[in-house]
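Next up is a structure, given as structure tokens.
Each chain gets a letter, A, B, C and D, in the order it is written, and its residues are counted from 1.
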Amino acid sequence: MIVKEPISTPGAPNETFVINIGPQHPATHGVLRVKMTMDGEYIVRAEPVCGYIHRMQEKMGENRTYAQFLPNTSRIDYLSAMTYTHGFVGAVERAAKLQVPPRAEYIRVITSELNRISSHLVWWGAFLLDLGGFTPLLYAFDDREKILDLLEGITGSRLTYSYYRIGGLYNDVDDDFIKGTRAFVAQMRPRLRMYRSLVTENIIFRKRLIGIGPISKEMCRKYGATGPVIRGSGVPYDVRRVEPYSVYPEFDFIIPTFEEGDSMARYLVRMEEIAQCLRIIEQALDKLPSGPVMAEKVPRVLKLPAGDYCYAVEAARGRFAVRIVSDNKEIPYRVKLRTPSLSNLSLFEEASQGMLLPDALALMGSLDLVIPDIDR
Amino acid sequence: MTQAIANLLKLLATEPYRLLLFLVCMLAFVGLNAAYLVWVERKGAGRFQRRPGPTEVGPAGLLQPVADAVKLMSKQLIVPAGADTTLFRVAPLLMMSPALMSLAVIPWGQGLAARNINVGLLMIFAFGSINVMAIMLGGWSSRNKYAIISAARVVSQNVAYEIPMLLVVITMIMVTGTMNLSEIVQQQAGGFWHWNLFRVWLNPLMPVTFLIFFICMLAETNRAPFDMTEAESELVAGAYTEYAGMGFGVFFMAEYANILLGCALGTALFLGGWQSPFGVLSGVIWFLLKMYFLVFSVVWIRWTFPRTQFYGLLNLSWKILIPVSLFTLVLSSAMMKLFHA
Amino acid sequence: MKNSLKELVTGFNSLVIGMKITLGQFFKPTVTVHYPHESLKMPKRFRGHIELVRDPTTGKAVCFACKLCERACPSDCIIVEGAKLDGAKKRSVTQYMLDFTKCSLCGSCVEACRDGAIRFSREFNLASTNKEDYIMDLFKRLQDEAKANPEPQAKAAAASPAPPNAVPKAESAQPVSPPQSKN
Amino acid sequence: MESAPTAVASQVLPNPLAHLPIPFQAVDYAAKGYHLDATVNPDQVVAMAAQLDKEGLALDTITGVDWMAQGQMEVIYDYFHPAKALRVVVRTRIPRDNPEVPTIQSVFPGANWHERETHDFFGIRFLGHPNLTPFLLPEDATYHPLRKDFTS
């Protein structure tokens, strides 16, 4: 369906003009700016301009103790705060050789996966909004609301949870949470079927995504794209499987991959992932051990042995890695946050060349960008 | 006294006054409808999305359109620097007036049309093409890149959809043998099986014809899923980006007036106009019921589907709608020649 | 030709199915809470801004200005002053300022407090047009509250979240509304 | 109940990239979070990147560390393998007063943004980079906030 050949000579200087998509534009969901050199409706060059909400999180990391930096990790990618906190506490625990009680690890998995579902739901709604369908957004938020209620019940916060602690959890879950989560899992499945008939099978929607914005395996590798983007290109790369962390090896789940590499493939990966998240949550609830949720002997003043430590997790948008360089002080020497959205967006310039404007926006939506995640 | 009123009515029934009266009524009707269709749209969107919609202004949010109008009117009309001032100001009016004029030939009930002219359909389509011009001029004159892209889109979209629309209407003119809308409605009297939509003995593809008409109507009025001109995730607000206050308000009202016109036309052409579905108790009420059902469908469609792709939209027109409508045209002429000559 | 016809039919069918679904939702009750007129009950563990806890026996603040919270705060938004009052065995708090404009509601302070002297309030509607409203004098608040309600609220003190490092005891029932089936 | 992986007994796996002429040191993954670690000279980073590219690795990120006491800057290249558990760290040290290192953009186009970011934060110049303008910092920024002597 995609028309590849522009009508006039593409990119001839007297034929092009520049339009700004962003930093205030309905398509960018945040303050991303894409400077697009256009030839008619064809994109000659689309250059993302980042940094509009740069907060220098890494400098903040050098100014405060490990425990004090922890709340910041919820605010990098505000849609999947749990996984980001997991990455940070994981790195610290790895360096301090802390052993996290199994109950805490299971609850981390449950809450991370709930958070992943909520993140994918927001993406789903916002993506449909990009494509001009408004109603699915509200249905997605209706479901997401239930997750937020559950997480608010145990963490006290709806978006920036700061729920994990170095060595365990802030608080144990209660029976209401477990009951509520089971109820949610049970009622999410029919909703997914409804989403499929309402959106996934819709001919207008399919026409807008199939074959649009193909990204090859090679391009993903060269740009370091991860998460649903690389899985949509047929590479089963998932940190949960490739570099297993926490208790993920104990669960039976599939890493959905699609070979096509187009926007539809990325869409389907995320939709299938929601179903897999539900499976993981169910298994984790079944296996949930009892016991403490906080490691014993977490030192009040935490000093990590000198050296550098990495920890990677699979966030909703891909691989999130933390590198802590310590010089045996209370305050880290350097905290590097490797965020998935930055790498995922960096391929946009190459991938969007010669595309039509609406197609490029469909491609951008399918990358699932969270701007603070890029700008940090 | 009664005599005076009767005289007045008699006077008003004469042609020039009758036209004036109907125009005034029409203006009021369209204005009210445009305002309240916004309410219907918002309320409907709310219900489709499991939320109540506007509730705060007046009972059930019924005064919301008034509040909106006051807000729009109290805003400054800004003409962007470098814009073509005249065209920029004229464009909204150019969009509104054809819709108003076209409604003059719509037969709301038996003998209830401002002008019952023999070429009513022709007149509607003659005026119908003007609103394309209006959006194009609005987009062009506002000197904004989004608006210009939108202006280019609206032209190619409307050119593409004018053709199947006209082919369908020509089919209907052939089947009914007249361009007078009142006459077309008269022919459909006596139960819903006499409606053009169901007269498959004239043309077995009549429901398809209606569908094509409806799709073209959506595309011509730039309604979702064909709202390429104001695709907010791409073009912010398209041709209306630079319009503020009532400039935007008039565009907005004209959009709803056009929807109203399209639905009224669909009702008259296919759904038997003011004829009751059971053959008795015909009247204006039936026309309004059918028309508002179509309007509801338009809202319903808008809040269900994502926007089409632009080339998908043109493909749909050139590759599916035009061939099919040509086929129905040929089929009905053949049927006429063979069976109803 | 055959394929495109098939696509046309399945495509049209998918549109009809979509419209059926939205129409089904049209007649279902709304799921929203009409906010200014009704609001949700905040869950037990809701993290609002912090407030001082009154000792259920004495009615005075539990806090004795050990300044652990001040040190734990990543954004330096707490200022605590304490003094040893005449005749008292230990220090007691004399000033407790919270600069809510800087606070990120992370809860580090509540966690750092070993005596359960501060807790999260259930206050969520903190909108104001005045910046000074967010420089909160929590000690004054406590005193005002003590004046208005001299009976020590044992119940309120018990509702403070358990310190996270403690072995979790059976949480009291929480208003996590179980998600109702709405589809 | 299985214990968490943080407690997995330390084990150093043999170097799967031993055939490459890179001075890799195998590292205990459970303790450090990566498998291979190499320190190379600054002029070798492009060759390293090309070799790792041939092995099918992907660029994870590029970052710097300011070792002010030693008068050095460290540039860290992180690589990961998209199919197997293999994380590779390549480091290089450059003088702090003249931090220059060749760009690996020709090998991994994704390095473009990471190098710009590192230039923003540390002032490390990536020689041959086509567009070393501020990426996350304001357009006119001349400061480098992650340098240890930076004060706002």
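Annotations
FYI, a residue touches a chain if its C-beta (ideal position, glycine included) is under 8 Å from a C-beta of that chain, and two chains touch if they have at least 3 such contacts.
Keep in mind that this is a model prediction, so the values were computed, not measured.
Between the chain pairs A-B and A-D, more C-beta pairs are in contact across A-D.
Put simply, the chain farthest from subunit D by mean CA position is B.
Centre-to-centre separation of subunit A and subunit B, using mean CA positions: 44 Å. Per-chain Cα centroids separate subunit A from subunit D by 23 Å.
If you average the Cα atoms of subunit B and of subunit D, the two centres end up 62 Å apart. Look at where the CA atoms of subunit B average out and do the same for subunit C: the two points lie 52 Å apart.
Residues of subunit C found to touch two or more other chains are 15, 18, 21-22, 25, 31, 182.
Along subunit B, residues 48-51, 303-305 each make contact with two or more other chains. The multi-chain contact residues of subunit D, meaning those touching 2 or more other chains, do not exist; every residue touches at most one other chain. Contacts between chains form some other arrangement here, matching none of path, ring, star or all-to-all. Subunit D contributes residues 1-7, 29-34, 56-61, 63, 65-66, 76, 78, 80-85, 87, 89, 108-110, 112-114, 117, 121, 134-138, 145-146 to its touches with subunit A in the complex.
Listed in rising order, the residues of subunit B touching subunit C in the complex are 44, 46-52, 55, 300-301, 303-305, 320. Across the interface of their complex, subunit B is touched by residues 1, 3, 17, 19, 25-27, 40-41, 128-135, 138-139, 142, 198-199, 202, 204-205, 207-208, 356-359, 361 of subunit A. Within the complex formed with subunit B, the subunit C residues making contact are 8, 15, 18-19, 21-23, 25-32, 34, 182. Listed in rising order, the residues of subunit A touching subunit C in the complex are 64, 67-72, 75, 135, 139, 142, 145-146, 149-150, 152-157, 160, 162, 165, 169-172, 174, 176-177, 179-180, 183-184, 187, 190-191, 194, 197-199, 201-204, 292-294, 298.
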